[in-house]
């Protein structure tokens, strides 16, 4: 792959950049919208765009996992959460807290620092996309050849989260 | 063959006694104090055996050494032994412990907690004896710390006046000192790779670089100076003494202060000779300031116990001066001064405790006058102890101070003229000491004829105090009895310093 | 255990027994005290029989390895003075039995006197510098205890403390002197130390100068003399023994004992001479205007001691010792007689005395002889001893002594003047006490009991006879001249010379005459009590201002500094930590978002700092 | 395609604990009594302990020739696993009282604790960053549920929420750090990362990644910037859960720190200063704020923050002269073992007194010595050990062992800060000890004594075990200081 | 394709998540912000995995694990939030401050 500066993008670059911009815009809306339900919906858009990015990056299995679990389970859970905690439908003012300036400064600082580091480290490096296919079978093979231990550990994690959630939701009356 | 079970026995007996007191049920309240006397008497007996077996000719070398490894990771071996320097202090501790136990038989402040009181005294005894016997740096530090908790409890729960605040100042100040000392020890251990005091003393310590020696010496001296106490690190002493119960003050002044100076002679002088040679003049200067400051401050005090506390600052100033001369005469004087101060101030605090018990207070404002008439024997003992404490030749107090002056005339360090100026200033301290003690005798002992008579010295008080009075006179008239024991050991210490002299 | 040490220990043991058992009954206490002193006198006599002047008895001490203590030396000088000390102590103990009949705490009084005797004997026979220091300081302690015997009275308490502290100031010089001596000559044995010091002039000057400080304190010479007149608050027998015969003379004895060192330091000798002259004349003049019987005698003692110091300054050690012995007997006699008068009349103020000649005949006769001996009338002891001093002054004036001739001339002139003034106050004392109209207060006065006037009579004998013993064939010169530190030369007798005799007789006549002339002046009896002179030329005010007040100011500073500065710094640290604790505690108000924001910021800061650190 | 060869014996400690959790849950469902679940849990832990010791030096889940195994049990790891297992057992003993009187549902409690414990056992044996993060997550997730599982205490939810949010933020930051490290080196396994770190100098990105990885570790051991949650969470939770958080979850954090610092020993000039500064801040802030505490559990929380500072000191003192090795790890493990015994003991007594007398603030402990002398004496003994004052000998010895490392490295400021911190620390332990023995003014001594009867025997056993451990360590300190060489 | 493109995306997602975390008062929105941060991490991991063409697919496996962890956390997080809501009728973070330091 010839070294090409950032400015002469190929088709892949253009697609990725578009999807990326969509994801970032949606994310911005998530953290700034006045309406709590809109935030959830913007989250769906953002995660979808990220899934698209994975596809561009040939991480096919991960993309589907993202769509299935994040969009399917996590966001739905969040919506349920909003319903159960009787979140107001219309715009409600007091969603953003008081120390806005400090938080902005902290967020910008961490983004700026990491951004500078990344650009400085990988400004000219390219990814060789064609020739790589991380399909479900490839990922399945590597998962069960190299990553069995974390996989098993996760099963314990999920089970404990399950039991914990159930125990907590039992109201105080019954034993 | 010096039997080597004696020294561990000397530590284990009070330890078991303390545990017994901890585990004893409420029924033990009645015989707790008698049990204390029994354990301390056993300790005294063992000490006499140790003295019998101790060969005076080789008092320079460690005897009855017991040694087996305890914590290899910290280079800590349970190594204890006795030589000319530590034997007198061990004997002093056993004796004062016994006198304290006898005195406490019927005079425990809180009747309900006799078991705890005796248990703490015995734990204190273990800590004190252990400190004087330890031959391993960290072991010395551990025993040095074992003493703190019991003394804190004694002051906080059996004391008087603002006992809680004084107890806290005491323990926090001393712990800070001992932690600083620990840093010094660690520097030595890290530099030389060994924690064995005997090996460090004859040569291993001297191999350290001068800068490392200086840091270690300053840290260790800083920690020990808090305990001595050296001016200006002395502020905890008056509060601790005023608040402590009688027995607490006796052991605090009689033995705890000696750990500081003993540490200097046993650890700092032989192990860090180069540093000691450069620090000695400053130590001497602080010592003499302490002498004058202690005397002047005690003249201005309004409480009998505070007067004695500041007098201790003065006396320990002389001991420090003796050490700072780094000469055989000087260090001998320091060790003699240690023992003498222990006996005399111990007796003084006992007598003041007796006065407090009879009159209810030690503040000059409300102490009745003319004790000579209201309780003649107690008055005589107060007079005797005061005279001994102001350094009257013929009594033990004088030799520590006089020989320190002789030592200061010929210090081993080059700054000879500076030491002679200090010698004159220190001698002036003697007249100031006379001034404040005579003021005490005039205020407490003399005065218009008293209306009411106080009950005079009781039998258990006589029993507890006579050994001290006898020893003060014996050591006063025949100082060579003690000096012959310490001389060879001091000579060994001084030889290891002499190598570092320019 | 040499005989000398035995002589020291016997009274010491008697003191201990007296304290332990004396409380039971007065007779027992008296028996122990008198018995102890008597046996000490016996041992002293035994020592004298061994002719110590021919060959001195050296006793080695204990603890030879580290600190040798208890070495003793008995030579001619020591045994003579020891005899004098035991003799006078015995008489005082006997006298005190009567004198202290009504006083409380007799047993401790008698015990302390025995302890004092032991201490004095320790100084006399001290063969090593340490025993010397022990004796020297214990004497000071006994003087403090005995002056404070009647501590119910305020002035007794103040006098006792003043005595101890003033002498202690001198003793500091003494101790430093001993330290220098031991340090320089690396031995604690007195004879060797003195011989070594004599060879090195700087050490000799420094050591003798410092030791002189202690001597000035104990022998109440200017400027450390202020304590002796106040010491009269103590019982009279105490004044007789300690403040007339023994302790105050110990200073002179010590200088005599270390004499070769002093001879090697002419500067110190000159200083001694000057101090002696000032004290001699000053004290005599003050004595004339005193209004109390014992205070006159006290100032007289200060003046007479100056004679001895002057003799020492002029290189005449034998004359000084001779005068010390004769003065001991006569002044002891005078104090005991004064004690008898006070015991009988009830007060020592000269205003209340007068016309007691008929009611107290024995005291009258003995006191008159004492006064005559004090003034130095022929044939009494005072005459010969004072003459020997004047002769020494005359020789020094002709320039054949170690000091400059002008020193000799000044001493001679001042001595003559003092003889005149002494005669004046002796005459005044005699007139006011014995002659003149009988006061009403002294109506019922009767003679003191036998136990008190017998010692007076006994003391008259040496006051009269002792003078002749110094002449040609007599024993005294050979005795006191033989000391360990000096080779035994030919002991030339202490003969008076015609010129000095004439001068002194004229001075006596002039002084006594002046007193007779002014006897009817009303101030004669009362004396200018409150006046500047009577108060010792205002020296007390100076002492108070220069020493006591600054000391109290410094004490105030130190106590304030200790209570405030250091105390606050310690508790300050404690309070500071607590305040830091509450400061650090404030941010934790429970809002988890604020916690997280500080955590994230901390991470960012850490990253930036480490990036910079890695870059450099 | 070869499946990784699994040697069950080496994996057994983690498996036994996990299975034990399940069995406990089932047992409670079947018998309906919480105590049975506790029994099952305890047996699982007791069985796992010898297995852990047996597995020392083994490794499993290796794949293929280059034998890069996923689960490696070094002696260091075994020591940490032992601490986790024994401490969890003691926590279960402590909790029996709360379970029997209904404040905590028995079955779920034991299940969650054992799940977390199995994660904690797994952490020291991991060999790559991925498994490490997952294991840490397995340890901390159940604890939020445990904190919230406190009937009758509305503030428990708030406590759990605070811990939860702190955890997910720090995990997110650490994950990002891991991604950066993966990005710069292309590998995640510790061996390969270590090789990369020794070869190359620290790159800017690598530095940032490493610092961010320390975030989750900071949260687990409650070191300074990530400590704010601890006091509130401990106060909100029940005493046994707080004990579990302060000991087992902190041990897991230190296991992760040891692994990360071993891996990046080559880049020690990056993490050593950060850890050193954090140690200093943690000690000073922990001790200073603890001075002001009036609530018993909050004081213990701040005290455990301060103690974490002491344990960080040896790692903070790693320099060119003092390299990552036994001298540093023995100090950390030694202090951790002693800290576990002392801290659990203190929490055990506090849990008994809290449940029996409803004692919340320190004032309620006034005169405890008169009501129950044995509890008071053992609490005083634990406080003395935490302060490093004899008779609490082991507390002092481990502090000495920790102090040796900065002195050897010549890091004077760290040694002095620790010395000062110990003295400040002594102050508040003393205040509490004084209260225990003070004469209680309030006349209602009798009121409290009758409730004494309710005490359950298992919590006494918990206190007794802790006392026995601390005394054993005091008498034979090389049990703690030399634990790793023994395994 | 340039590696820095996905990395920039991941950094911005991460930054926005941090901002949302620190500024939003509603707990659920905070959870959402954390999801964004985790997605930022996932993008970065995938990018590096593809860049290094890692045989072990460490990056992508890790992403799968992260997604699972996120799911578990959201589940438990909501359970805690509901518990809090039941107790205090509000899930605003800055009102959940009952546990705090009393200035004594």
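When the chains are written out, they are named A, B, C, D and E in that same order, and each has its own residue count from 1.
One rule holds in what follows: a contact is a pair of C-beta atoms (placed from the backbone, for glycine too) under 8 Å apart; a residue touches a chain by one contact, two chains touch by 3 or more.
Every value quoted in this text rests on a predicted model; they were computed, and no experiment measured them.
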Intersection of contact partners for chain D and chain E: A, C
Chain located farthest away, centre of chain A as origin (C-alpha): C
Central chain (by mean CA position): B
Longest centre-to-centre distance from chain D, chain (CA-based): C
Rounded Å distance, chain A centre to chain C centre (Cα mean): 103
Chain A and chain E, separation of their C-alpha mean positions in angstrom: 8
Whole-Å gap between the CA centroids of chain A and chain D: 32
Separation of chain B from chain E, taking each centre as the mean of its C-alpha atoms, in whole Å: 64
Multi-partner residues of chain A (each touching 2 or more other chains): 97, 99, 102-103, 106, 110, 113-114, 117-118, 122, 146-147, 150, 154, 157, 161, 164-165, 168
Where chain C touches two or more other chains, by residue: 582, 585, 588, 590, 592-593, 596-597, 600, 603, 607, 611
Chain B: positions in contact with at least two other chains: 172
Pairwise chain contacts under the document criterion: A-C, A-D, A-E, B-C, B-D, C-D, C-E, D-E
Chain D contact footprint on chain C (complex, rising order): 577-578, 580-582, 584-585, 587-588, 590, 592, 595-596, 598-600, 602-603, 606-607, 610-611, 613-615
List of chain B residues in touch with chain C within their complex: 169, 172-173, 232, 234-236, 293, 296-297, 299-301, 332, 370, 372, 376, 380, 387, 392-394, 398-399, 402-403, 405-406, 409-410, 423-424, 427-428, 430-431, 434-435, 438-439, 442, 445-449, 478-481, 483-484, 487
Of chain D, residues touching chain C in the complex: 161-162, 165-166, 169-170, 173, 201-202, 204, 207-208, 211-212, 214-215, 218, 224-226, 228-229, 231-232, 269-270, 273-274, 285, 288-292, 424, 427
Touching residues on chain E, where the partner in the complex is chain A: 1-9, 11-26, 28-29, 31-33, 35-36, 39, 42-43, 46-47, 49-51, 53, 55-58, 60-61, 63-65, 67-76, 78-83, 85-86, 91-94
Chain D partner contacts - residues on chain A that touch it in the complex: 113-114, 117-118, 120-122, 141, 144-150, 153-154, 156-157, 159-161, 163-168, 170, 172, 175
